[in-house]
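This is the structure I want to talk about, given as structure tokens.
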Amino acid sequence: MINYSLDNFANLVDNSNNSTVFEVVFYILSIFITCLIFISIFVMVVVYIERKVAAAFQCRVGPNRVGWKGILQSVADLLKLLTKEKITPLYSDKFLHFISPMLCISASFMTLLIVPFSPYIQIINIDMGILYWSAVSSLGILGILLAGWSSYNKWSLISAVRAASQLISYELSIILSVLTMIIFTNTLNIQKIVLSQLNGCWIWRGHLVTLIAFTIFFIASIAELNKIPFDLPEGESELGAGFHTEYSGMQFAFFFLAEYVNLFITSTIIVILFLGGWLPWHISGFSIFNELMDSIPPIIWLLLKVSIIIFVIMWIRWTLPRLRIDHLILLEWKFLLPTSLANMVLASFLVLNNLYFYV
Amino acid sequence: MTIHLKTLNEILHNLDEKKHWGTKEYFINMGPQHPSTHGVLRFVLKLEGEIIKEIIPILGYIHRGIEKIGESVSYRNFVHLTDRCDYFSSIINNWAVSRTIEQALNMETNDRIETIRTIFAEIQRIQSHTMWWGVFGMDLGAFTPFFYGFRDREFLTSIVEETCGSRLTMNYIQPGGVLYDIKSNFIKRIKQYIQYLRPRIEEYEKLISDNVIVQKRTENIGILPSEKALSFGSTGPVLRASGIPLDLRKNDSYGVYDKVKFSVVIGTKGDSWDRYWIRIEEMRQSLNIIEQLVDNIPAGKHMVTKYTTKIKLPVGYHHSSIETARGILGIFVASDGMENPYRIHMRSPNYNNLWSITDMAVGLKISDLVTIVSTLDLIIPDVDR
Amino acid sequence: MKKNANVIVAPRIKPETAVSFIYKAILSLKGGLMSTLTYFFKSIFVSTITMEYPENKHRIKIANRFRAKLVLVSKNLSSPHKCTGCKVCEKTCPNKSIYIMSHKGISQKIELKNFVWRLDACTFCNACVIACPFDALTFKNNFEQAVYDRRLLIYNLNRYIGPPQSYFKKNTAKENDLVLLKPYEKISLQEILGKC
Amino acid sequence: MIISILKDAIASKYESFVMQDSKVSIDTNVIIKLSKFPEFMQLIRDDKDFKFDILLDHTAVDYIDENVFHLVYHLYSSSYNHQVIVLVEVPRDKPVVSTLCNIWRIAEWQEREVFDLFGILYNNHPDLRRIFLEDDWVGFPLRKNYKDNFMLEK
């Protein structure tokens, strides 16, 4: 068994008591630029894959004109969005209209800070990482609400109100199922949550309780991401394009970017809480197999698990129809919330009596 | 005598402006460029939050004056104009005009012509319903059914193209016959298609009908009781969903519909679910009809008159109606004995089905309005003509 | 008629208890997800249903009867066409997209001078082809007729006279444009007969 | 065929309503006197022998030489599956009839269409507006003497 240490490079900040201002600024800038590059590459790849996956579900070919098999399609799209004119509606609230895409994108960028790609690659390892994630990710709602409010478009306004009611209610079940998992892991630190699963993922070890928590978390996170079947704020056949109807060019791209960054981060959190994060897959007893698995770098493991989650989200997205707004609220308040509360009680009962698997 | 000629503006400024506190009703434009009004139909909705208080349909964005054009073209040439009305059942529209003319002239066609016409009318019904199924899925937010529906329509379109020479506006059924005889491999291909579509319909059921989200969104949404449906002049699947088995294929039995076995599908409650399920079942019934007919198409000519013969209807009123994929299409001709109709009028099923929405959708949400519009299956060029 | 009308009644959704509803919901969602997944693997490993248009130009199958371009049928290889200029098609055309100019020829018979066909007004209703008493007209199925100027859609079927003079006055014709304007090939009877 | 039998049946039952002499010579339909028109429609809908419960169609024909409009009402019975065309003659200079909105709801919009294209006015109609054309359109296109600048000559 490998002992993973928690000395990641982010700890440099804590050690640099005698570093100059220049060094700190350089450090922050380098983090920002790395994040930006990672995100833009990641989003381009995911958008390409999503379009290909959607095409496969619909018996189509998908993008295949720009580059080999269309792999440069996302680059072309990005260039198009960059060069497009920024249009502000005449009677809109100019300041809020300008600021709301930024709010969305910055909220999702800030959550990127705590994502552990491997034991050594993490920007900041704060002790209450998971709490930080849930606090910051819900800031994005503000951006959506303001975008709909400031657009001077009634459809956008309906969309914004829908978004607010949907996101705020589904935030509850997300936090409750995170709390359920914290009862098991006994820590808020994300690296420690991962390391607590060295002997097996929580989804196996926690009986039915973690399975229920996983399902609730999964459903609620699809709702948080505004994907079908919970894409009411964007509801194409009802509201046109929803809160980003009146946005074009880079401002629209910000919303788009934020959506995909959120997709990545939420699936990462699912992987970390339930599927063992960057830990390799082991079968007890097969030492050769386990060594082989250990030789694959942790970042590959994480991205692999995340991509499976993202594929399932896409699969659901391209199959199911949309819920109605009252069914959506009903599902949360009458079904998911009571279940997750009961689940939490059950989890604490399990943990107090040490009833989960140790392997 | 009291006649008030209002304008739309007067209606829109009729809001209760005194209310300052609390929630306020507001008007919103749904359309003409809205993804789920299926064309250039415009609804002005009076909303309270998301709940519809009043709904005012506004038409005329694609009004081409086909009835006025019809007064200046010959009877034969009017046939191809009907292609442009309800473009998803264009062959059935052609048949309606041809039937009116043949009735007025007491022209007798042979069995081959009638059989071919019936087969193609049923093909059009399947085309229309598969397409509708895809669009219904899209309106509810599932994108994938749209492509499946289009795929199944496309296979049939290529079969039709081989015989009719066109994909959408066929101009196939003519007064006194059909434009071409059927292609030699038509029977083989249509049999293949029947084999192909049967499992696909099961798949449709799996993907959409069995889906719990769809069931929740269609059940008890947009209820149209039978008395209201009759009063609103709805026909076709919309009326049948309310429990009235009015199907001109049975009741009037034109073509060779009296020689084939098929069932009329009716609903019980008249909600969106009934309207949905009726169309799914009608696809199966249409397949049955085609299957019974395609093996024994009698021999004969495909056109009993010369195409170039000028048509002059006797003086008087001539009328006939036909069951399209969406309801009863009536053609009314007032003739003065000349080559052109003195007045020609189309009783379009979509125009008459549309208006029940002003009663059905009140008190429901925008999402429900989308469902209802989708289950009414409106073709806007046919509404406006 | 109404007596033997057998009727199928649409089924209603059965009312469910909460537990059986959840069970049914999960089953139904699973059914839908599985049916799309089969298509996912089918289109990855077997084939998709869509075609890539300009690449499949040579393989694409268009029905022989497909109506796209009106042409005059030639009698034999030497003579240009069978049209006698009788104007039946012009009268039959519902949109007045055919305009025929005829004149008296050398043998004192009426001959066709110009057969003008306006593709921009044509609805491909096939009335002219059926009405023609000499079988001089037919529709070819080459559907790729997009041009950059609407005026180029006015064809002269019996002999190519080029676009109207005003086209050249307004646009300084480039080399590429002139390639687009070159006369299309004459159609022999054999070619058409071979296709039918 | 059904129409002609029905016509005789209706004509014998509602003798006082049916007008046999018309300015336009049409022989296959029931022509109703204008003064008794809405009552007749109500009666024929509720009559147990006929039960015309659907107003399938309503349109008009402009006979400019005879100076009349013919209003055409197409009735259908869903229980007996028979249909009849009822004609109402309206003078061209004063084209006013009463509405059928209270009897069939669909009449409201079918009458709006006829108003839009023929300029026939309906008494007590709840919402008489143009339906296809703009509110400020001049003239009624399906009248035979209608002319505007965009019309092509035949």
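For reference, chains read A, B, C and D in written order, and residue numbers begin at 1 within each chain.
Going forward, a residue touches a chain if its C-beta (ideal position, glycine included) is under 8 Å from a C-beta of that chain, and two chains touch if they have at least 3 such contacts.
Computed from a predicted model, the values in this text were never measured in an experiment.
> I need the common contact partners of subunit B and subunit D, sorted by label.
none
> Just by CA atoms, which chain is the most central one?
B
> Decide which interface, A-C or B-C, involves more C-beta pairs in contact, and give its chain pair.
Output for the comparison: B-C.
> Suppose each chain is reduced to the average of its Cα coordinates; what separation in Å results between subunit B and subunit C?
24
> Measure off the straight-line distance from the CA centroid of subunit C to the CA centroid of subunit D, and report it in whole Å.
Roughly 41 Å, centre to centre.
> Report, in whole Å, the distance between the mean C-alpha point of subunit A and the mean C-alpha point of subunit C.
49
> Report the inter-centroid distance (CA atoms only) between subunit A and subunit B in whole Å.
45
> Considering subunit A alone, which of its residues make contact with at least two other chains?
Residues 57-60, 318-320.
> In subunit C, what residues contact two or more other chains?
1-2, 29, 32, 36, 39, 49
> Which subunit D residues reach two or more other chains?
As it turns out, subunit D has residues touching two or more other chains at 81.
> Give every touching pair of chains, nothing left out.
Pairs satisfying the touch definition: A-B, A-C, B-C, B-D.
> Inside the complex, what are the residues of subunit D that reach subunit B?
Touch residues, subunit D against subunit B: 25-29, 53-57, 59, 61-62, 70, 72, 74, 78, 81, 83, 85, 96, 104-106, 108-110, 113, 117, 121-125, 127-135, 141-142, 154.
> If we count contacts the way the header does, which residues on subunit B are in touch with subunit D in the complex?
Within the complex, subunit B touches subunit D at residues 1-8, 59-60, 63, 65, 67-68, 72, 228, 230-233, 235, 239, 244, 246, 251-252, 315-317, 319, 321, 328, 330, 332, 334, 342-343, 345, 347, 351-352, 355, 359, 384.
> For the complex, give me every residue of subunit C touching subunit A.
The contact residues of subunit C facing subunit A are 29, 32-33, 36-37, 39-40, 42-44, 48-50, 52.
> Given the complex with subunit A, which residues does subunit B contribute to the contact?
Going by the criterion above, the answer is residues 26, 28, 34-36, 50, 137-144, 146-148, 151, 207-208, 211, 213-214, 216-217, 365-368, 370.
> Along subunit B, where are the residues that touch subunit C in the complex?
73-74, 76-77, 80-81, 144, 148, 151, 154, 158, 161-166, 169, 171, 179-180, 183, 203, 206-208, 210-212, 215, 219, 241, 245, 250-251, 253, 258, 263-269, 273-274, 277-278, 281, 285, 307-308
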